């Protein structure tokens, strides 16, 4: 960069020095020969409006972070537990309720089975958690089910896993948000009317928090998670204490309670209850997907966090179910605004004292947190998919705050749409949820089995056993969930996954195709251009914009001609006279267009030029230099350049043709043209 | 808490850069000290122009290496969350230019790094700039000698 | 043959003796009489105390129209000037100046003055002795063109051409 | 203009200083380190403490872009070599040499030095402008002093030819060291007062300056011949 130099005198007569200005300094920084790094100021907008927008953005999502600042965004185990496990742990806030909802169909007596079902689910959880601990170790780069299935099974299975995962993440946001709203309604039933608005607002808030970047999310959300976990443990402990001491007495039914059904407690109903309850497992995979966000040693920290999370979840889920049963708690009707099961359970410990409200608030918050988990995981997976060419590239770009902005916004949009569609009612969303989750579980377990069989590291046998049993169990559950819930929404997932996979493959093929066309072979040396060049300038009249365009044209080639398309022969003659006098050396071609068309004759003229080119010579590159007046505001934009725009569109696909816009800014010249009278 | 009036070391300091490893050290040091009194820092890099070229020849402005010296100083200061104003000079003599610049900037401190060098493996070499600055600078001068490298200690 | 030697150092003294023994008419000059102690007592040439860069001194010593003129003092510039005096004013046949600075030696050879450079000589000789390849320079750098006196007389004749931007 | 001055004596020092003051770019070469440091201390960083006769250092001093090289050391041979190197090796358009021995003037001019400053000649010129410089005859030095006796014919009809012998006490050294400047002053050159008066006037003018050793300057005019004592270095 060349800067001005200012001579300065020194104290002594002959001491001179020269100050060298550094024009690059505010915008760039040298890091090596011929290598610049753009500073924040370089991407600052230069217009007042742009600057204002940037300032708003800065207020909303914070100052941009440089890529090097990422290492500071790594999570400690405590923060990671808050962020990643909230998904799983928070499901204890609604999983029990989902079991009960199925069982009430078989009458009050059937509720007893809920404990057995919850224990069965806890066992399943233990197996899955053990399996995923191994995933953390084997795939420290994250990606979870997708990475495992893709590298260990087949790309197609990987894509299926990815599709399932994406659905899972979207559903997590939808379910958690709606459940959180349920919790808030439990303490403030008046909110019931605003259920959807409330949910959407929450998603917006979480979106903004995430656009600000990962570290701050950790800080924002750590407190409620630990508060929920702490209070929930207190509730379970007090409930168990009451059961042991025989103080647990059935609560009176709340007015919104569902009425008991009369179905018989058959295998189908049991399986259905199990399938509904298995929603407790959702989110278990989050940690395995987010391993790179951990502080080093990443894999080890992630695996340990996973264990802590699974134990907490198991204890809370089973505990809540046991307490709920002991107090004979029955869920409220869908969308009635009645208290949730977890709220009723909390009431057994805290009554309606302040702690009850604190707990409900914490529950709502941890559910929002759970939604937030997806905001971490979804964009990450989308970015990995984008890198592999299965998703549009912008999903792989990180925004000012190092967050994958596109992924975050896409997730928020889809989840919000789902919420609106289902009226914000949690139960209706659940069937869509579980299927996707279990597809992932099964695929990643299978992948791990392949992994151990392939590598045969020490202890591969028992590791295989763990993953194989996990795979079988989750596969069975998957089949059960999909079949028993097929009619109540699971079918959607069955359709959605293949559709998504098809889209992935389509995008990939597009990228592959364009890459193939654009690729330059590694051994190809670019030679100086050898094609001849000629320039055509379509002109509307003689004005400064045209003069400037002519100057540009002459710098491109000596073969320059101006083309004037006119429907008025007199005007054409006048222009020709003026042109030859004022722009000597550039031949003017007047095309009379009796039908007043403009673009057509222009392209036709270019065709004729091409045809006139000697066939034995390589076709020349034709530059079409379009003089353009730069509009300064919206109405000028309407007034000017409409023809230029149409012409540009018409020429876009023409072979060997380059369209050059020569913008003319009015500010550039302040003195009027000194030359003679114009037409 | 000591009386701040008594402990103010400087209000505006010129930090002389030489493009070597000591630059980052003295910038960090200067930023650390300056922070206490919100003192201003000016990083000055003087490119010595030999007599075969005119003093205002286009040399420093074109040299990326030279620019990098200042960029690095600015970056180091930013790392310490402090601002440093970079100045690039061309002169016939580094010492004279530093002294003149410090005078013009009304600096009350001139901070120089001194790389540890031995001349022809013998005596410790101090060069000519530091004696010149010590003799002529109107303000206080702080010379920070870099630690002796392990192998020659 | 008339030989003039300016500078009675070790080399000057040895050469003076050698030329004399070979039956030549030798004139040797030095600024200090003490230098002539290096000459053998049998030396019968003309030893003159005086500045070899002073035309008058040279003339008085009888250096004009000498056949050989050797400027061998310790000062490169004195040698150069004496040699140029000899060439330009004293009508000497062969003139040689000892110039120890290789740059000046080459520059004056270019300018039309035969020079001998002790630095080059020793470098080449010693490198050769050590078995290294040398630059293969001739021991005496022969003049590359005629001495430029006349040229500048012409320049003087056209005062208009002289720059006057003072 | 870029002027390369070689020699940091009084002449070189004041020359460099005046040139810098009038806005020229100057580099001064002085091989004596102590003297070089002293000058640098006084006027600033324009001094190169190296021998200006050496081609290498001339190159370092930027001789190849110099507009003028002024060789003003005390040794004629050095000045000659510096000018020749500048002229032929570095293509300097203008070279100026200080010549102490008037005898060397011819040779210097002959060998391509563009301009000569001869202190001896200056004093002579100021003693009597009518004395044609080329007909000076060196009569001999006065042993033990810096003075030499010069004989010069006066042109017939010269207004000075009938003047009586006049003498004055003057500071000959001062006359010499200031001659460079007084010559450039048109008033001084136009002055055609008698040599003795002129010398006296200058000595008065200079007596306000630094005191220096005084010497007798004597001009004898008569019968078409002038004899003068001039300082020699």
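As written, the chains take the letters A, B, C and D, and residue 1 is the first residue of each chain.
Definition applied: contacts are C-beta pairs under 8 Å (C-beta built on N, C-alpha and C of every residue); 3 or more make two chains touch, one makes a residue touch a chain.
Note that the structure is predicted; figures quoted are calculated from it, not measured.
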Other chains in touch with both chain A and chain C: D
Centre-most chain [mean C-alpha coordinates]: B
Comparison of A-D and B-D (more C-beta pairs in contact): B-D
Distance between chain centroids, defined by C-alpha means - chain B, chain D (Å): 45
Distance from the mean Cα position of chain D to that of chain A, given in whole angstrom: 86
CA centroid of chain C to CA centroid of chain D, Å: 27
Chain A and chain B, separation of their C-alpha mean positions in angstrom: 48
For chain D, residues contacting two or more additional chains: 44-46
Where chain B touches two or more other chains at once, by residue number: 55, 91-93, 96
Overlap residues in chain C, where contacts from two or more other chains coincide: none
Pairs of chains in contact (touch as defined earlier), listed by label: A-B, A-D, B-D, C-D
For the chain C and chain D complex, residues of the former touching the latter: 53-56, 75-78, 80-82, 84-85, 88-89, 101, 103-104, 107-108, 110-111, 148-149, 151-153, 155-156, 162-163, 165
Partner chain B, residues of chain D touching it in the complex: 2, 25, 27, 44-46, 48, 59-62, 64-65
List of chain B residues in touch with chain A within their complex: 46-47, 55-56, 58, 60-62, 64-65, 67-68, 70-71, 74-75, 86-93, 96-97, 99-101, 103-104
Complex contacts: residues of chain D adjacent to chain C: 1, 53-56, 67, 75-78, 80-81, 84-85, 88-89, 93-94, 101, 103-104, 106-107, 109-112, 114, 138
Chain B residues within the chain D interface of the complex: 50-55, 91-93, 95-96
